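Here the structure comes first, spelled out in structure tokens, and everything after it is commentary.
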Amino acid sequence: MNKLKILNEIMEHIKDGQTIMFGGFLGVGTAEKIVDAIVEKGVKDLTIICNDTGFVDKGVGKLVVNKQVKKVITSHIGTNPETGRQMNAGEIEVELVPQGTLAERIRAYGAGLGGVLTPTGLGTVVAEGKQVIEIDGKNYLLEKPLKADVAILKGSKVDKKGNIWYSKTTRNFNPIMAMSADVVIVEAEELVEVGEIEPENVATPHIFVDYILKGGEV
Amino acid sequence: MIDKSLVREIIAKRVAKEFKDGDVVNLGIGLPTEVANYIDKDVEVILQSENGFIGLGPTPKEGEENKDLVNAGGKFVTILNGGACFDSAMSFAIIRGGHVDATVLGALQVDEEGNLANWMIPGKMVPGMGGAMDLVVGAKKVIVAMEHTAKGAPKILKRCTLPLTAAKEVNLIVTEMGVIEVTPNGLVLKEIAPDTTVEEVKAATEAELTISPDLKVMEI
Amino acid sequence: MIDKSLVREIIAKRVAKEFKDGDVVNLGIGLPTEVANYIDKDVEVILQSENGFIGLGPTPKEGEENKDLVNAGGKFVTILNGGACFDSAMSFAIIRGGHVDATVLGALQVDEEGNLANWMIPGKMVPGMGGAMDLVVGAKKVIVAMEHTAKGAPKILKRCTLPLTAAKEVNLIVTEMGVIEVTPNGLVLKEIAPDTTVEEVKAATEAELTISPDLKVMEI
Amino acid sequence: MNKLKILNEIMEHIKDGQTIMFGGFLGVGTAEKIVDAIVEKGVKDLTIICNDTGFVDKGVGKLVVNKQVKKVITSHIGTNPETGRQMNAGEIEVELVPQGTLAERIRAYGAGLGGVLTPTGLGTVVAEGKQVIEIDGKNYLLEKPLKADVAILKGSKVDKKGNIWYSKTTRNFNPIMAMSADVVIVEAEELVEVGEIEPENVATPHIFVDYILKGGEV
């Protein structure tokens, strides 16, 4: 199986109306080349799932600025004023999720769990409309799993089978998103030979990865 | 009245005294970040950064930044020898699971029950909660570090009026005027800033304040 | 009647034909493990081992064993180039999350609804379910690989009488007598072993068997 | 903080009646030196949490053979006939848990979650007496978190701060148990200097580890 694709081949998998997860934390660990290509392709009505909406000129923020996003499920929009502006203008729907809950909801889908039982958000607006379950005298919010049509990851080192190693703080949401989408695409900052990443140091096993884009440094 | 320019430093210095050797601490963006500058050299505090590592070190020199290494505010930082990186699920397992000894955050409002509001002002500012809700629920000790008032208006209230970050989770409030503990019986003023009177603190606080019988002067 | 000594080989060979290039497969202990020996060289199958890795390779030569590297049966194995190791939570996230394309297990009993019993005989043998319950629930395709009968008694029943491993999860049953698919309308005999008659299969099966209109001879 | 201790100091933390988690899968990744020391100390009425009960002469099986275990929470006892014998004789209580559920229950405690919502075990004896929760039309078993007084890990490389790297299949339950016990002790096959394990390759961050035993190869 050859997972290595050129950008045009990768973009065939990106379509109007999809739900797409993007790894990254304020743009660190986000596949910028693929984001740029999505901006260029101009697909619309996307639902994006991401830690934050980055900046107007960095990370997934560029998709928001280009008005390609119908809904965003995220923990923070404060660094991209355009998201807030569109939200206030009724142009984009924003579902704000506590960061730990966001991570666990994504993991839950990938791990085949029915939901997440978390104390986070109890007594706040986050709890509104959600089921509260009492377990041994303590209350927990039932938060539902999150999945996507496509997950777009950024790997610092990716081998030709698709095993991924993430440098420093680029890991963030990438490994859990790898588990929770129908199609998983990774942009490789450095493409390496199979075997160059020791089995113990693989952070995302290759079985999760469908396609690899040789990205290079941005 | 304290010199305004010193306010942040006073707060950060006092918060820094809350930590003991080996504590795992998460410092919020802004004023809480400055706390790191005042931790006693004999006390090893391990800083956790919710974007995915422990061993947060000081800002790198110009030209030595690593594009892959930022803190939760997106600023370039360093990682100390012996640090460890992980993904967001693990980062928040650490936070929600009670493995963080203390978290320091700013506040828009905090109240007599230890309720905290620090993530949105409806119709005005809705940045999102980021990791704050998990941190406040999960950390063993929640320290609010903030200026005592905002444009003269009290921020320590009988009841928060803004949407909460978490209910009944705050343990300690440190301001430039004093140190207030949240107890089952309400707020207790434990320490007071030098040259400040109890009456001044009370006047700047909407919440009911009990004055500790052994009220101390804040060490700064 | 098939030569008894070939029974395991026949079953393993036939199961091996179920996989396609790129499939992630978990093979149970015993007969299912032997399936690996018969996978077409042109088909790359990635073997998952629930104790924590993908890329399970063949048994090492004597003297080349690595004490840290065993399969889920505790036997020394190897890891192929490009394999990856992980902890048990990740291993079962892979399994339960539907990332395993096929799991091959033995059975004590299997029935018309696709119920499977393979982990205990009350009062007699209670080894525990290990990873079997998760595998059967989580894998996209559940293949039971077993001898058709046990000491002449049918193992393919109308209803399992032993405690279940999982309810309604089996997709395919491969024995030395044939290949049976579990469908919403019950069990369908799709393939039959050479020199075996439908009557012989029916006689060795307690469950109701529908005979596929295009019944094939099992390729072995 | 000096976490490095000699065996006698480690054993001060092991007491009658405790609940102890042991990493390892059929003894691979189990801290054999510490197990041997517990056998020698002879503490009683232990509840142990472990993937399996190993063999009569390997892994936690030795504790069973020495009749130090009151209860075991595990996924498999088949390789240690003594566990089955004691169970049938009413000398030991055995709670059998599907392996994935066992892992997730341990992780749940460490991650501050109220429980696990899993499809595994539905329609089997595992579901008996447990709450079933319907989420979007599908049923899930509610399984409760597991914690311990002490977790005993085996690390292949451990630095002097307590960061752990696990070789090959020794990882198994060790990293999740590290999160879910009051006191966490690691037996280091190889003790290395701080910094020798790259931050990205640390599998158990040092903040989880209380004490380190320099174990050497068994």
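Per-chain residue numbering starts at 1, and chain names A, B, C and D are given in the order in which the chains are listed.
We take it that a residue touches a chain if its C-beta (ideal position, glycine included) is under 8 Å from a C-beta of that chain, and two chains touch if they have at least 3 such contacts.
From a predicted model like this one, the values you see are computed outputs, not experimental measurements.
Colleague: To get from subunit A to subunit C along touching chains, fewest steps?
Modeller: 1
Colleague: Is the number of contacting C-beta pairs greater for A-B or for B-D?
Modeller: When B-D is set beside A-B, the one with more contacts is A-B.
Colleague: Could you work out how far the Cα centre of subunit C sits from that of subunit D, in whole Å?
Modeller: A distance of 29 Å separates the two centres.
Colleague: Rounded to a whole Å, what is the gap between the Cα centroids of subunit B and subunit C?
Modeller: 56
Colleague: How many angstrom lie between the CA centroids of subunit B and subunit D, rounded to a whole number?
Modeller: From the centre of subunit B to the centre of subunit D is 35 Å.
Colleague: Note the residues in subunit A that touch 2 or more other chains, in rising order.
Modeller: Residue numbers touching two or more other chains: 104, 107, 111-113, 118-119, 166-168, 171, 199-200, 203.
Colleague: Mark out which residues of subunit B touch at least two other chains, giving numbers and ranges.
Modeller: In subunit B, 53, 79, 85-86, 89, 92, 95-96, 137-138 touch at least two other chains.
Colleague: Which word fits the touch map of the chains here: line, ring, star, complete or other?
Modeller: Basically it's none of the tidy shapes, so other.
Colleague: Let me know each pair of chains that touch one another.
Modeller: A-B, A-C, A-D, B-D, C-D
Colleague: What does subunit A use to touch subunit B in their complex?
Modeller: Residues in contact with subunit B: 25-29, 51-52, 74-79, 84, 87, 94, 96, 98-104, 106-107, 118-126, 156, 166-176, 203.
Colleague: Enumerate the contact residues on subunit C facing subunit A in the complex.
Modeller: By the definition above, subunit C touches subunit A via 21-22, 24, 44, 46, 48, 53-55, 79, 81-86, 89, 92-99, 137-138.
Colleague: Which residues of subunit D touch subunit A once you look at their complex with the stated criterion?
Modeller: 104, 108, 111-119, 133, 135-136, 138, 140, 142, 144, 165-168, 171, 198-201, 203
Colleague: For subunit D, which residues count as touching subunit B in their complex?
Modeller: 1, 107, 109-113, 159, 161, 163, 179, 194-195, 199-200, 202, 205-208
Colleague: Of all residues in subunit B, which touch subunit A in the complex?
Modeller: Touch residues, subunit B against subunit A: 49-53, 66-70, 72-74, 79, 85-89, 91-92, 95-96, 115, 126-134, 137-138, 163-168.
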